[in-house]
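Here it is, the structure in full.
Labels A, B, C, D, E and F are assigned to the chains in the order they are written; within every chain, residues are numbered from 1.
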Amino acid sequence: MNDSEPRVGDADYRAICEFLNDEAELLAERDYPQWLSLLAEDMQYLVPVPEFFEHGTARSVGRGNAYFDDDYPSLKVRSELLSDPTLTTAENPPSLLCYFVSNIRPRRTANADEFTVTSNLLIYRIRASEPTPYLLAGKRHDLLRAVAGGYKLARREIRILQASIQGPNLSFIP
Amino acid sequence: MNDSEPRVGDADYRAICEFLNDEAELLAERDYPQWLSLLAEDMQYLVPVPEFFEHGTARSVGRGNAYFDDDYPSLKVRSELLSDPTLTTAENPPSLLCYFVSNIRPRRTANADEFTVTSNLLIYRIRASEPTPYLLAGKRHDLLRAVAGGYKLARREIRILQASIQGPNLSFIP
Amino acid sequence: MNDSEPRVGDADYRAICEFLNDEAELLAERDYPQWLSLLAEDMQYLVPVPEFFEHGTARSVGRGNAYFDDDYPSLKVRSELLSDPTLTTAENPPSLLCYFVSNIRPRRTANADEFTVTSNLLIYRIRASEPTPYLLAGKRHDLLRAVAGGYKLARREIRILQASIQGPNLSFIP
Amino acid sequence: MLIDEAFQPSDIEHLVDVENATASRQIFCDPGIWRMELQRIFTRTWLFVGHASEIPAAGDYVTRLMGNDPVILVRDAGGQIRVLHNSCTHRGSLVCRGTSGNARGFTCPYHGWVFDNSGAIRATAMDDALYKKHTDYHHFDLKRARVGTYGDLIFATWNDDAISLDDYLGNARWYLDIMFHRTPEGMEVLGAPHRWVSTNNWKLGPMNFGADGPHAVKVHGPITDATFAGGNARQMLRDALIESPSVSMGNGHNGIWTQAPEAFPPFLGWEPALIELFQKTLTPEQLQLMQRAVASVSTIFPNFSWVQGPASFEPATKMPTTFLAIRNWQPIAHDRTEIWNWFLVEKEASETFKEEAKRMGIRTFSAGGTFDQDDAEAWHSIQRGVEGEIGRTLDVSFEMALAYRDRALVDFPGPGTAYPSNYAEVTEFDVLVEWQRYMTGKIDWAR
Amino acid sequence: MLIDEAFQPSDIEHLVDVENATASRQIFCDPGIWRMELQRIFTRTWLFVGHASEIPAAGDYVTRLMGNDPVILVRDAGGQIRVLHNSCTHRGSLVCRGTSGNARGFTCPYHGWVFDNSGAIRATAMDDALYKKHTDYHHFDLKRARVGTYGDLIFATWNDDAISLDDYLGNARWYLDIMFHRTPEGMEVLGAPHRWVSTNNWKLGPMNFGADGPHAVKVHGPITDATFAGGNARQMLRDALIESPSVSMGNGHNGIWTQAPEAFPPFLGWEPALIELFQKTLTPEQLQLMQRAVASVSTIFPNFSWVQGPASFEPATKMPTTFLAIRNWQPIAHDRTEIWNWFLVEKEASETFKEEAKRMGIRTFSAGGTFDQDDAEAWHSIQRGVEGEIGRTLDVSFEMALAYRDRALVDFPGPGTAYPSNYAEVTEFDVLVEWQRYMTGKIDWAR
Amino acid sequence: MLIDEAFQPSDIEHLVDVENATASRQIFCDPGIWRMELQRIFTRTWLFVGHASEIPAAGDYVTRLMGNDPVILVRDAGGQIRVLHNSCTHRGSLVCRGTSGNARGFTCPYHGWVFDNSGAIRATAMDDALYKKHTDYHHFDLKRARVGTYGDLIFATWNDDAISLDDYLGNARWYLDIMFHRTPEGMEVLGAPHRWVSTNNWKLGPMNFGADGPHAVKVHGPITDATFAGGNARQMLRDALIESPSVSMGNGHNGIWTQAPEAFPPFLGWEPALIELFQKTLTPEQLQLMQRAVASVSTIFPNFSWVQGPASFEPATKMPTTFLAIRNWQPIAHDRTEIWNWFLVEKEASETFKEEAKRMGIRTFSAGGTFDQDDAEAWHSIQRGVEGEIGRTLDVSFEMALAYRDRALVDFPGPGTAYPSNYAEVTEFDVLVEWQRYMTGKIDWAR
């Protein structure tokens, strides 16, 4: 929760909403080169594995885990593979994706150039060989950095809810 | 439909959207004490049971029914139980929740302090003991009351679509 | 993608968002006569059939296909039938619908009166005789025309993701 | 191949070990046993289908399930209550797809055959004379189930050989009268039934309501603490459960009557005018059992149950109001049960009382109820716990019954056999003992 | 254990009562019967797999289903039409996962074995010589189904003993010629098939298209009123259906030809240039049947059907255009059917006509079509109505056939046996009579 | 009716044709065979359940599956590792619903029975004395599986007749030592297991990891090119796979050790301090096999596998780091497999190395991993390719084994039988040969 942090001005409010919607469109349409251009070079990208604890007492195994733990170079490798259907078995034909972004909540940070933004993400995915959709839901915690003419995405953590992914793969960038 | 009522000003438009997104975050994160602080003391909270009628002719059984029919005190009892996983069997471990809020439509009312707001809600829920998500969809009809520094939620009706809940329980506040 | 086109002003931004939310409400509540009043008379309405191609090489069969290919007169026929539950077998009792609209992205066009708007649509539907929901997801590409007091919807294309509709019918207007 | 033919009574017999008070977990896990239950129990015994107050006027109907068959419960033009198979005799379509309504008849959506609200065929798609020439025209009437009523409780069966509903209910009638006939006008439903799907074998519900005292402390202790004034509600509940009678009413009907501690006032949770009516309507023995009962929970075999109790969500400031929930446990799959749950209230109750009774029911025994929400998770946990290959080779235990089954109460006011504790497990197990009798063909009219 | 072994012909025989024109509802409810149908019907008879215009050039392919087996319909490098099992002979992977395309061959996604577009093995993962030493290398070719074409309609079968496609279609060819060979160049598909999943047993579709006159009035009356000019379209439809011929073409192929009332012009819904071509191409008898047919609906056994008719969504101002839809009813589960639906048009038609014919098809016979949307709900209602334990002990009725089956038309212009009404139920029932013959092994080449 | 009784060994025997190195596709398609596997294999053999580093302290537990039975892997108060059936002995409820934790015991959610963390019953819902009178109180202890450990690898079995874990692993221990005992302190898990559901029969995983050389070039060629510096990585991979040994370790345990080309440095992907420890800890023969192994992939029968290899996502600038993934292939349905996947690292590794090893694991072998994402689609394609009525009458081929099975290496450093190529298919097929032995009762202690 970042409720104690000040709300952003109207211009940033709208611009951040539009940034996230535009960004989601790039992911959904697999325009990965364009999407990479929105990332800061020090990008951190994390999708933790949910764990369930009884009685309110947590004990994680090992050092925790993540379904994705990427940085700019590894996202670049993924993007290159996912951009060309001949380079993966999973995405040949490419699966179809819809990224539903809602509950966008931008906040100022101590650093005037940086905004934290939480939002909800529901991905609806159809693979060529499977008629029923796979739904992935998560809560996104983003760090946006204001740059000339817009923002860069500097950090993203997607707290998905499903501990056991009910499908064969996540061959896309959530 | 409240289309004949006047639209709200830009400041209220944004503030109401943010209020609902912040409020959804509190529910999703189970911060029930904080959520209660957003409620008016005369809060009414209703989730009617859908019925299906043939030929456009309605005949309800008895006096209608609801899956939830709560007020402030009963929401407080629910909140206390749901806040502590040792107090319910259903939420130990706690299920994970994502509240997707969209289609927010605020309207002025005859009372300058009060706004009606309709919105859509999709709840995606994962229980510890069940890997597949439960999806609850509904149309919310809220009454918001402007107070110093924000709003209070004074009435909420969620018109869910599913007549037979396809899951074992609704051990959360939708 | 219409990213090179200029963004709309704040007033249009809000008004277009509200237009689409109000419009979705009319569809969800089956207020088809009112919904028709939002359409331009030259309305084109298209829901293409997705196809999957290997190796990035497309070869469509015939001239492509669509699950809906309507114009104003045919939408009027559909609306009349769907407005009265005694006129269809499928909607007697009427199914319940929730239209989740998000990712609204309006853009100016070369024509000052016209806006292109992309948005995401998730329809959640419950039929009287089937307890589990049907989810239809698509990416909408709309053309809005500014008129006195608002907009008219002049063209809509919904790029749904599911090639094989996993349900018995689409007896509504997506 | 009917499932029936795949199993022999000898396969089923050993699944319930009456002597040792255990049962095989297979009975919760096996889709074949579930199909057999539908055939051997649900098509042969009496099933609850609704309450007369749901269909007050001629033509009023509601749609229901009998096992996995859809039916229409309707009051016909002559006022007679009918239970009609919701399946056109032409090609089988549902003839009604709504949840409730009022109609003079039902027109099939496929070819438009018309049936009146008594189920009689009124028109086919074409010249009916063509049919009449070749067939007995009224073999096209909707199939009608045999209807039985006990007061306003409506039951039906497909079995013409079944004993009468009165005989079937037997001793249970004395208890049903406490629940449903305690005022001159009786009860009314407060709204359409809640429905939700618990992810467990259907028998867990009837057993739990048969009734399971000990789970209440573990599962419902915290909500009891939160909604009863005073600091030791959970402990008081435990004491009461341990000391209160459970009753085997016969024919598989079982339940408990949890008696309040001394400190509690009698008739807790009712308004004075109702209490007066109770006292005029019930017998002294019935009043004796009822007046201090803070929980009445029972199952009418196979899948009808009730639960009643007082509740308040502002315990410090507001006296409790008694709700009454009745329900069907519909066996929709071997591991899925659709619960149909109605709230009832005395017809003579005040408007305020009725509204509050409904709210208390909704907030406790419902998909979102503070009691049911936890039971369903426990049942889910059983289903997940027993359905493995090792799990299903094991038993479930009712062995507390070994300590109690010889300790029947001699001075109990009601009929049937009563045991001295809600913890006795005798009555819960009795549901499975009856189950075994149906499944192995030991009930002569239900073979 | 093959399902086949669990059932005996004697278990199946009585499920269709030919004499009394009824059938057991079990045939719609039982997963075991569904598996048996896949084995006894779908692996043994001719199945429609596509239209030649879908694969005009060498290398063009589309992916299809034959029963529950995935296949590739492809025009090979030499121009020959092939139907290849879409399953690598190494470990079984699909070798093609697209819906359509053009390829010289198919490379398996798992180990990269390469098959050319005739299905012949071209390369394995390693030195093929190692295989050649130990095995017959060409036993690695993709399994090929036997292909038969009737004009541009492509059928395939896995059964080498099956009679020729020509013999299999038999009398139906005369009717197929009206539908698909009425102009010199024949028909073309207008786009990739629609696919949607109706929640009912697959046989309801072929029966309905076999064809069911009476449902049209009930189910499609309102849309008929809305899209035909004049105030009494529904009544006119009813009259026409009652008076129009239904045809049993033999081998389980059945249909109806609904004749327009006098007031209608002949060849309603076609452009003049096409009508001229019809008149040049068809025989006078064929023209006689076709020219006033406002609905032509038929099933080629087991799961291929067509429907044709004129439509306009601006009836007051715009003349109707005739659409033609053809479809497969794919049996994906005992209670789920995937409908594959193509729109066709005369190759010689104008561009305007083609586009309008496509739109009229989409708006009527499709998942979102104003006709199909209602049929699917009716079929869903049948499945829900019949699958209970009581429901499945009952029958479905075709007893109108008792009034009609001895009334064959003597002066009907086409081959096969025609009956005087679309309401006769004879031809619908004939689909099940043929079904019984396959299922009980009465067809010698399909045992 | 136990599934066991429906099949006879003679039904199963022919499903694997040992002589011709083929197997029937039925083994991937049939729900009855899947149930039989659960009974004949998963309740009778040793199953991997976790790693000691997941439960370092007394009371630490994780929840796991053994076949389709839920279990708790827990270190009890005395430090002993226990595997407890996660099902209350009263009515069967899960007694623990978390994924991991620390607890002195487990309290059942339904009636509150308490078990300590050794599984012993500590309290029931009421006066335990009542039970003690009638029953052996400790027959209420949670059912305990027999536990075996090999180093920190924890296995369990329900079979008291099973041979010891040491004998069961047999030759595989020499290889397991290379993977898990190559430093004095051994390995630790880096986090909770990933879980995801691939839509294919579970055996495809163990076969692939048994191990399938040729698929790597086709499926993983592009990611290999992208993450290995130099322009011809895919070709180098192919050459290495063709020339590298595959090992049949006995008892169904099989794998490959892919040797890097000459140009590669030894011990690629480890930090120097670790390499030193390897050299001190392993034998020269083990080091000989390990030091140039760029891929080590193996299956311990039936459903435990490992994969190890060096990876870098900035190949031009960053040296690769070796990850090690171990996994269970959980047979959750005949056509669905839940993969449980852990990443391990040497306890002595630097913090930097550990973090990087984890990231390399996540980015390669996981639901979103650049290797696994493609395998899962290939396996899905197999399931879709084989499950039709025609598909399941065909075979899957391991016929490359015919060319290799007589070419065992004579100078191989490790125990068991090694073959000269990762393309040999001998070891993959050996998984099915062992499967056949269990399924037909040929293993005397597992009948």
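In this text, a contact is a pair of C-beta atoms (placed from the backbone, for glycine too) under 8 Å apart; a residue touches a chain by one contact, two chains touch by 3 or more.
Everything numeric here is computed off the predicted structure, so don't read it as measured data.
Engineer: If each step moves to a chain the current one touches, what is the fewest number of steps from subunit B to subunit E?
Structural biologist: So the least number of steps between the two chains is 2.
Engineer: Given that subunit B and subunit C are copies of one sequence and touch, is their interface built from the same residue numbers on both sides (over half shared) or different ones?
Structural biologist: Comparing the two copies, subunit B and subunit C contact each other through largely different residue numbers, since under half are shared.
Engineer: Write down the chain pair in A-F, B-D or C-D that repeats the interface of A-E; the criterion is over half of the contact pairs matching by residue number.
Structural biologist: C-D
Engineer: Tell me which has more C-beta contacts between its two chains, A-E or A-F.
Structural biologist: Of the two interfaces, A-E and A-F, more C-beta pairs touch across A-F.
Engineer: Go ahead and note the Å separation of the Cα centroids belonging to subunit A and subunit D.
Structural biologist: 48
Engineer: Taking each chain's centre as the mean of its CA atoms, how far is subunit B from subunit F in angstrom?
Structural biologist: Chain centres of subunit B and subunit F, defined by C-alpha means, are spaced 45 Å apart.
Engineer: Going by the touch rule set out above, which residues of subunit B reach two or more other chains?
Structural biologist: Residue numbers touching two or more other chains: 10, 52-55, 86, 89, 92-93, 100, 102, 122, 128-129, 131, 135, 163-164, 166.
Engineer: Where does subunit D touch two or more other chains at once, residue-wise?
Structural biologist: Where subunit D meets two or more other chains at a single residue, that happens at 94, 97-99, 109-110, 197, 218-219, 377-378, 381, 384.
Engineer: Write out all the pairs of touching chains, ordered by chain label.
Structural biologist: Those chain pairs which touch are A-B, A-C, A-E, A-F, B-C, B-D, B-F, C-D, C-E, D-E, D-F, E-F.
Engineer: Sort out for me which residues of subunit B touch subunit C in the complex.
Structural biologist: 1, 3, 7, 10, 13, 50, 52-56, 100, 102-105, 118, 120, 122, 135, 137-139, 161-164, 166
Engineer: Which of the residues in subunit D end up touching subunit B in this complex?
Structural biologist: 53-54, 60, 62, 96-103, 188-200, 218-219, 222-223, 226-227, 313-314, 338, 343, 354, 358-359, 362-363, 366-368, 370, 372-381, 384
Engineer: Residue numbers of subunit A touching subunit C in their complex, please.
Structural biologist: So the residues of subunit A touching subunit C come out as 10, 14, 18, 21-22, 24-25, 28-29, 31, 84-86, 92-94, 96-102, 122, 124-126, 128, 131-133, 135.
Engineer: Looking at the complex, which residues from subunit C come into contact with subunit E?
Structural biologist: 47, 49, 51-55, 57-70, 73-74, 77-78, 80-81, 86-90, 127, 129-130, 163-171, 174
Engineer: So in the complex, which bits of subunit A are touching subunit E?
Structural biologist: Residue positions touching the partner: 89, 92-93, 128-129, 131.
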